[in-house]
Amino acid sequence: MDLSTEDFIAIRNLIYERTGMHFGENKIYYFKKRLQKRMEINQLHKVSEYIKHLKFFDRDNREFQELINLITINETYFFREFSQLQIFAEVCLPEVLEKKRAKSDPNLRIFSAACSSGEEPYTLAIILKEMLEDFHNWNVIIKGVDIDENVINQAQRGIYDSRSVKDVPPPYLEKHFSIPSPGRFMINPEIKNMVVLEHLNLMERRSLRNERHYDFIFCRNMLIYFDEFSRKQLVEKFYAMLNKGGYIFLGHAESLSRISTAFKIRRMNGHLMYQA
Amino acid sequence: MSNKDDFIKNLSSEDERERAFAIEDIVYEEIPEAIDLLIAQLEIESSQFVREVIIRNLRTLSGSELVEKTIPLLHSDDAFIRNAVIEILSEQDELAISFIELLLDNPDKDIRKFAVDILFQLQSPHSAAVIARGLDDPDINIKITAAEYLGRLEARAHIGGINRLFLTSKNLLLRCTCLETMAILGDDESARLVAEFYPQPEQINELELYSYLKYLARQGKEEYLPFVFSLMKSKGKLMAKEIINTIEGILRRSGAVYLPARMVEDLTLYIASEINVINKYELLVFLGHFKNSEIGPLLASYACSAEKLLCLGAVEGLGFLGDPEQLPLLVELKKQIKDDELLEAVEKAIIQLAPVR
Amino acid sequence: MAKKRIIVVDDSEMIRNFHCYILKTAGYKVLSAVDGADALEKIYSSEEPIDMVVTDINMPNMDGYTFIERLREDEQYEEIPIIIISTEDELKDMERGYEAGANIYIVKPTEPEVMVENVRMLME
């Protein structure tokens, strides 16, 4: 299939405007394949026709959402987006901790939205365990929520296969996991106990009203699955949950600017960070 | 105190969260004075977070009361409020069009401009007809905006107005806007006007050239190819995107199977020049659609490039070209490649060159 | 000497492109943004420094005044030259623009030569 640069840019801009997701030019082939799939399903032969369909005829955004589902990678695993976690651990976390120490505030709260089978909240727990020298002085709560009860149950069990742990630094794998059977990895109780898991529908009107004073919220690669309106609604809820100076983390290809301008942008080690 | 009183009290809370929750509750509980309350809060609210909550909640409402009460905010000194109102009104349905159309008679040109913006974003079947009134507005910015939007809406019924404006305009930006809209909507009259206005394309001023190329990309015929190719040397890097789009557009419409010989040579040099990698990728893929004998070896030379996009472009191009002579190269390449995407592209090209019997 | 980089901010695609053409032709490197929030992100994401901002005022999501004020709040961009190019032509709009932190205010539509002259002057 031919996808001219102009059409690639047009679709890329449309996706960016509607979701905040951005793709580099090097993704053109990746895009083409998926676009071709959607075009075949819609029996459209020219990219320009497909773009027109998305702009003028896809009234309830159904086709657009199908395209988004196809171009986003839905897997979850420990230490996903390592470089971002590094900035969290080495820049954002120390900054927040320093302010808390100055105020003698021992509470540290992290929220992991759409945590699925728990890889993200447990990853964050491992990071905190490793980074906090005076760990016992802190009241750490990491809350992971998901609308799918089954994955929450899975997260409660805390047992994973080798695919999930492929990016865990070996020293951490050894320290924080046990191996109940070959190819299975179980998160240690010490880490498990740092995490509270809950079955929750983020879109329920009052679902997060009582969740307050969080220092970090992780909602990576999750907002893209919501429509524009719901996305804004969710980010507003997250803003209300955060302490002043708290951070919200999105997926590396996601940008907050299409959703909310209430957050401050900061650049840290080449990454964009959003602060309440 | 009733719930309603609680909500109203919380609108004055020092905590921006409480104010935000109050706004949501007022709308959710369908408090009759919701619109008035939210608008009043918007005008005094200092928190950007809360302002966004107000706007999002106003957007969930509809009806003539909302339209009538938010229109006056277009006069606000606060740019955020003005632009937020445009957003709110753009969500309204056909009902709003009659209100917005009245704004096109407003003596304030800024209000008229906002009206055109709202009509565009409404994307209603009737928007174009009303926007077209903007082509005759005394303010040039509104003419420009109307011309741009009619193009983006693909409102072919109004090409006559665009043609007329193109012919009579003395302003460069307006003329360029018309030209770019004519690129999308152009009819025979447009083609005649453009040919007459630019009898010698080589003499078109640099700024206008961008828009002219956009016109040629969508409407130009083969006779313009030599001119476009000549630009590769003089404006090749500056206007790479426009030049490539124009060449592709003209050649696709012509249905040509062979490129004029000179052009293969020119494109070979162009690909080797300092244009962006993504442009080179596109040209390599595009070349695969033509059957000139030099194209196979050219693509083969790039198939082994260390730059992934160049390799990819060449491989895809070879797939389109379908020359079985290049099969051994692709088979060899497949053994060496580690990248998943490249591998997939090579395998696909191999299939294209040697279909299963 | 490396080309100076200018970010052009406008919600109109036509105007955004046109201003980019003007500046590219005048020898500058350009990037563009569709509104103030997009511009902030692009400025902060840019690996190379941005040398000047050319921005509209009336834009959805984040207007030009708010954009300029947010940018100026950051020490790193306290001094970055900013030109406003807007259809708003009343004195109060210009005053608002200067208050927000703009250096030059031009009314749309501008002649290309005027834009380039102002850009060159401010760059120096």
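In order of appearance the chains are A, B and C, and numbering begins at 1 in each one.
FYI, a residue touches a chain if its C-beta (ideal position, glycine included) is under 8 Å from a C-beta of that chain, and two chains touch if they have at least 3 such contacts.
Here the structure is a predicted model, which means the values were calculated and not measured.
Undergrad: Where each step is a move between two chains that touch, what is the least number of such steps from chain B to chain C?
TA: Each step joins two touching chains, and the minimum needed here is 1.
Undergrad: Comparing the two chain pairs, does A-C have more C-beta contacts than A-B, or is it the other way round?
TA: A-B
Undergrad: Averaging over Cα atoms per chain, report the distance between chain B and chain C in Å.
TA: That pair's centroid distance is 20 Å.
Undergrad: Report the inter-chain centroid distance for chain A and chain B in whole angstrom, where each centroid is the mean of the CA atoms.
TA: Each chain's C-alpha centroid was found; their separation is 29 Å.
Undergrad: Where the CA atoms of chain A average out and where those of chain C average out, how many Å apart are those spots?
TA: 32
Undergrad: Going by the contact rule already set, what residues in chain B reach two or more other chains?
TA: As it turns out, chain B has residues touching two or more other chains at 48.
Undergrad: So which bits of chain A are touching at least two other chains?
TA: 261
Undergrad: For chain C, which residues are shared contacts with two or more other chains?
TA: Chain C, residues with two or more chain partners: 61-62, 66.
Undergrad: Of all residues in chain C, which touch chain B in the complex?
TA: Where chain C meets chain B, its residues are 12-15, 17-18, 21-22, 24-25, 57-66, 87-88, 92, 96, 108-109, 111-112.
Undergrad: In the complex of these two chains, what residues of chain B are touching chain C?
TA: Residue list for chain B touching chain C: 48, 77, 79-80, 82-83, 86-87, 109-110, 113-114, 140-141, 144-145, 148, 152, 171-174, 176-177, 180, 206-207, 210, 238.
Undergrad: Give the list of chain A residues in touch with chain B in this complex.
TA: Against chain B, the touching part of chain A is residues 2, 4-6, 25-26, 28-30, 52, 56, 205, 209, 212, 229, 232-233, 236, 239-240, 260-262.
Undergrad: Under the definition above, what is the set of chain B residues touching chain A in their complex?
TA: Contacts found on chain B: 17, 20-21, 24, 28, 47-49, 52-53, 56, 59, 123, 154, 241, 244-245, 248, 276-279, 281-282, 285-286, 289, 308-309, 312, 316, 341, 345.
Undergrad: List the residues on chain A that touch chain C in their complex, please.
TA: So the residues of chain A in touch with chain C come to 17, 255, 257-258, 261, 264-267, 270, 272.
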